[in-house]
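Order as written gives the chain letters A, B and C; numbering starts at 1 within each chain.
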């Protein structure tokens, strides 16, 4: 059995006045039915990677890759029209702030229904039923009320659950979550992660979880890619993240203050130019190995 | 351009000095930020086209005595209403036999005079009223904005007409009337900008350093409002020229025999069917200058938009 | 204003609200705590808990409050004078929003100095840039030429250049990457020792507050539910259920493995 998604030598560049800027540089990775974390700091290219998979790089940005295959089919060869069917139907994406992803003047229920009806050509009543049951699965206690509410009436945590419900209705095979919980409070964060985890597991989906938070990623994912200035510098099993060896990963982990281990002086990451020059580490794994 | 061919060495180091990310003096920081805006504007061909026309207009006004083939006032009744291209009248002559081209060239001085005075005065009035209302809020805001509304409630030309007829016809009074009718939109813009800025952290920060309202408005809010006003003024320029021309057309602006473009159209109106060029030529001049300002305004909007540059 | 005694910041029965009548929202209810001079105190809570509002009430940015707020032994009224602003300064959460987009670093710092009538402006700017770990080449840069961490250093320089004794820190590192956060927290720790500053720090991150502060107040829904020492916090000795829930959520991330 092959990987759900395989990306080979992906590069994203932007021409600027001072030459070409490469946001992502020749990275390769694969995704099976697993939870893959991509961690890195701002500007590391992690969000750009997520967008590149869906071919959502805006001009003048340039996307190059040997291939990006979804179940063996190369996404790069698809027309823009075919690509639109892939987005949302087979690969869904959840952004950091649900407020920017929902239409502020449309009822939440109508927005979800519309997406479903476009996808499944279902009747209005059928769509509503499906929507309500979906809202229930993301542990919204009063789906009828939420269905008739407007986005601004929702809290951040509620909004993110709605986004998850909306993105999962068409039964995609892959979910890309870009910092889905960074805007949320810690207590809410946990709930949202648990909901997402349960749904992804039950449906046997692949999840790409993009985050800057090493602790969340190590607790929540199966496998992690660590990105630095557009490259993958290290890959490891998520539960072994704290035994990582690359100086960047080690430096990042050490710079986080910890309640249980007080220090007078936090360790500061000493950046090394070599990190951004070394070739990217491959994140491709054959599915058998993961299990 | 000539700089780069004569002094390639110097100009390339000047280029570096201007585009550096690490300026070493206040002057360099300011100049390099202007230079970057200029580079961006230069990459917009339509805006450059507008600038070229306006530059030409300024040069024409400046060198009018040298460029004009004849005096704008000399009458030659024998050659009245000569069509363009005949008898040495490139753009024809008017009902008193005056050379239309010469009148247009001298008229550009009047147009520039009106436009620059209005462009200086109206936005400044608007800036004062708008930022004060927006920042201070409360009853000051209510009072100032209701006054603004009253001015906005009248059609521009009608209000200007009323002012001119009260003040008396003439070019200075026309300018004053146009200023009095055109400041309210600028006050509105300045107030809207101020409302979004006043709760920004950087304004809170300066407030916490003990700065008073006057200092905050003039030194911290004005610089951020000015770019949107500049854009708006350039886009309004066409309207200002047309209002001035309209007043001239109605005989309330520049007085004969002054070669104001609007007044020239007005004078040509009587002959529009048989002698089309008398009214058309000044109309074309107004059209070209208005277009130039609009193109420049569009380009400036791309360069100066504070929302784009804030990050 | 400076006094030799123990008084830094004191709050007693402070209420802060926004809006009037039916639209009134009580953001802070009956809050009280004391920060000794030279001490460092943390306020922890989730969004909407009122922690930032307390800072705004102290600085006068939130005008509607009642109760007693005292700074350096003096009670505050509705208006804050120059004297107050030269003793108390604040560092804001978002370094992208707290610097004027059209002012160079030099302009920001000299404006602060001229407001407080300092002389030798040039020397002071050179010194403060050095103190916050910025190279002199940063002096004439515009904010858009700086990274988030560099901007936050400028914001700290702006607050400290007029030599205050109290620094209010409103989530100073929450918008920054962890490696940059470490640099800024180290900088703040060093500056406090060097200058004998009093810190009042607001954060949603227990680990950050635990690293910086010796005493911590936990806020929930506008109320201070518990005040505890950093030793108790580290030993996870919390009495209030909400504090325990917060502790769980922030420690659990690591314990999951």
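Following the convention adopted for this analysis, contacts are C-beta pairs under 8 Å (C-beta built on N, C-alpha and C of every residue); 3 or more make two chains touch, one makes a residue touch a chain.
Note that this is a predicted model, so its numbers are computed, not measured.
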Over the chains that touch one another, what is the least number of steps taking subunit A to subunit B? 2
Among the chains, which has its CA centre at the largest distance from subunit C's? B
Quick one: subunit A and subunit B, Cα centre-to-centre, how many Å? 50
Using Cα averages as centroids, what's the distance between subunit A and subunit C in whole Å? 33
Distance from the mean Cα position of subunit C to that of subunit B, given in whole angstrom: 47
In the complex, subunit B touches subunit C at residues 21-26, 28-29, 33, 200-202, 204-211, 215, 219-220, 223-224, 306, 309-311
Parts of subunit C lying in touch with subunit A, wherever the complex brings them together: 46-47, 148, 177-183, 185-186, 189, 204, 206-208, 210-211, 230, 233-234, 245-247, 249-254, 256-257
Subunit C contact footprint on subunit A (complex, rising order): 41-42, 156, 185-190, 212-216, 218-220, 239, 242, 251-252, 255-260, 262-269
Write out the stretch or stretches of subunit C touching subunit B in their complex. 59, 61, 81-82, 85-86, 88-90, 92-94, 96-104, 106-107, 111-112, 115-116, 137-142, 144-145, 155, 158, 162
